[in-house]
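Next, two complexes with subunit A in common: one pairs it with subunit B, the other with subunit C.
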Partner chain A sequence: MLHRFKQGLAVSILLAVSGSVLAQQLPQLKPEEATRYRKAGYAFANRNMLKIKAMLDGSLPYNKDQVLAAATVINSTVNSGMGALYLPGTEKDIGSEKTRLKPEFFTQPDKVKEVAGACRTAGSKLATAAASSNQAQVRVAFDDMGKAGKGCHDAFRKD
Partner chain B sequence: MLHRFKQGLAVSILLAVSGSVLAQQLPQLKPEEATRYRKAGYAFANRNMLKIKAMLDGSLPYNKDQVLAAATVINSTVNSGMGALYLPGTEKDIGSEKTRLKPEFFTQPDKVKEVAGACRTAGSKLATAAASSNQAQVRVAFDDMGKAGKGCHDAFRKD
Partner chain C sequence: MTAARIRLWELPIRIFHWSLAAAVLSAIASGLTGGNWMIWHQRLGLVAVGRPAFRLVWGFAGPTHARFSSFWPTPGKVAAYLRGAWRGIGHNPLAALSVLALLGTVAFQASRGLLANDDIAFNGPFYALIDKATNDAATGWHRTAVNVLYLLVARQVAAIAFHARIKRQNLIRPMITGWHEGQGAQPTCGGSRHTLAFSLALALLVVYAASGTWLPAPVTPATSPTMDW
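Coming up: the complex of A and B.
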């Protein structure tokens, strides 16, 4: 009974994180693969956030094509069904695959839904802003994406 | 003189890999960061290739939204300016950051240009096919993306 409850809770959380996407992929992934891909996706998204940041703060010349390319990586990542990569057990290190995910991720589905939804929306708005070539709009959307990411980290990442 | 030649060669290769994108970001990245982000980008792209593969081979139900989401990750990654992540020195392991990049990457600019261009084109075609919802077209584009990736690995990845 408890097992069934936990299964149901895990599915609820996955759907909250991923929207309707990819929850059925679960059986194909080993937990350590899920952790590895999850970290890879966020690391590469972060790399692209840093690119945009450098162009907004003047460290690099602003280039709308580069901003759009980076924003597209970020948006496509956060809207790719990341939820499928949060398998039960992946709040722990598995072999050499380390994680900072807090166990609370698997017990707070409403909070997961809130922060994951905020990230997906912010990604979408960032891509829209980047496509518009309006630098002021990009700046606002970039800051919102940063806040959305921080919201997720504050809730569910050990630091 | 040799140093200047090597610098010129490195820039040529970066431009070949990245198109015109992001070569000027070089000074901001440490070599080990470049390796880490490069591996992260390809790992997450590979995760998304495996998603599409599973939907094409019947392991998972074909879902055009999921295929498009995955194809968008792949295309945005290979067209994000990966060239900036091939810093001189990153053909070697740096601390805990391992790599399988062959040293030949930095001495064969024409081959780099060829395989990198093929990857960028294949990514773009995969995204177009996924957006079309034509499963036969997706299958062709997926196979071509796989071949393009293999072309890069055969030339420049130790296995």
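Coming up: the complex of A and C.
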């Protein structure tokens, strides 16, 4: 009886211990992932810029709510800490994850700061304009956002 | 004449059986639910992964009716069972197929789960060791192979119902009490404390290995302070 009790105890301890072991889930970031996430962020911002553009040029009827949603995505993306996704070494393709980031990105921190800052400012202005539902103001902010994007591409994107 | 009864399932086997059932069913439920339950899905998967390791040792060095050699389903035995000529106790040849399939499937599911990610907020403990494409392939297998588990669970319930209704045999009670009612059968023996200690140690080691806690903390290359945007 005691023998069986001990067996049962041993198996129960195994159960308890194996349930309490849990792998640590650090918010780790592989270089490959950094590239994938930043591309995904900008790609979705791109999609939302196209939506606003279509509503400004009349290809789609202007919808204040949708413009605001699109501008919010863009603003949130460029102000979400994208800088952390430019890990050293991620100017190179990693496996199937391709990038067009120029190596200069890592040697010109002042220029990076400048274009990134312009992008963030343009993002928040676009969101503010979209909330106002003043189409003329959205048009100006959209222009600024486009130029801010181009500023970064011209400096740090391979052709 | 009083009905004879023999010890069929030893306590470790019974605990193994019910804990595996609980772990598998709750792992399925938590995985299907998602969200915060994914934390439990991983924990339950780790509980489950220790079980085949334990059972493997018990299958070679455990008590009589737990040994693979005593119930290994050869084609001859399966044919004999289907003719109604099988006269053993414990796992019958068809059930034996199911036992092996279940152990294999649990090991497969758990190992794929360790590599999986759900593209939402879950990464298995070994996620970082492989590239995303391999990761996604493992996830695909994990999501597909759960159907095998559904089949095995359904088969088990059907078998219990079949034995209860047609053969008038209660399969659940022996798995709870350990006793088999009937005469002439060989009672179980074997399965020493050393075997138990070894199988538990191996199971713990497998769970620990699978947990990935021993992996060096991943190092994310630091970005310069000017990248705080």
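In this section, the second predicted complex is superposed on the first by the 132 of 159 C-alpha atoms of A that agree within 3 Å, B and C clash if a C-alpha of one lies under 4 Å from a C-alpha of the other, contacts with A are read in each partner's own complex, and residues count from 1 in each chain.
Just so it is clear, contacts are C-beta pairs under 8 Å (C-beta built on N, C-alpha and C of every residue); 3 or more make two chains touch, one makes a residue touch a chain.
Keep in mind that this is a model prediction, so the values were computed, not measured.
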Inset, instruction - Kindly classify A:V67 by the partners it touches after superposition: subunit B alone (first), subunit C alone (second), both, or neither? - result: neither
Inset, instruction - Have a look and say if subunit B or subunit C is in touch with more residues of subunit A. - result: C
Legend entry - Partner chain(s) touched by A:L87 [first = subunit B, second = subunit C, both, neither]: second
Inset, instruction - With the two complexes superposed on chain A, say which partner A:A122 touches: subunit B (first), subunit C (second), both, or neither. - result: neither
Legend entry - subunit B versus subunit C as contact partner of A:I52, first or second or both or neither: neither
Inset, instruction - Considering only the touch criterion stated at the top, classify A:A141 as touching first (subunit B), second (subunit C), both, or neither. - result: neither
Legend entry - Which of subunit B and subunit C A:C152 touches, first, second, both or neither: neither
Inset, instruction - Determine, under the contact definition given at the top, whether A:S76 touches first (subunit B), second (subunit C), both, or neither. - result: first
Inset, instruction - Could you say whether A:Y37 touches subunit B, subunit C, both of them, or neither, answering first, second, both or neither? - result: first
Inset, instruction - Kindly classify A:L101 by the partners it touches after superposition: subunit B alone (first), subunit C alone (second), both, or neither? - result: neither
Legend entry - Set intersection of subunit A contacts, subunit C complex versus subunit B complex: 21-22, 24-25, 28, 36, 79, 81
Legend entry - subunit C-touching residues of subunit A, taken from the complex the two chains share: 3-4, 6-8, 10-12, 14-15, 17-26, 28-33, 36, 79, 81-84, 86-89, 95-97, 109-110, 112-113, 116-117, 120
Inset, instruction - Report the residues of subunit C in contact with subunit A in the complex, numbered from low to high. - result: 10-12, 15-16, 19, 39, 42-44, 46-47, 50, 54, 123-125, 128, 131-133, 193, 196-197, 200, 203-204, 207-208, 211-213, 217-218, 220-224, 226-229
Legend entry - Complex contact set, residues of subunit B against subunit A: 21-22, 24-25, 28, 36-37, 39-41, 43-44, 47-48, 50-51, 54, 59-61, 65-66, 69-70, 72-73, 76-77, 79-81
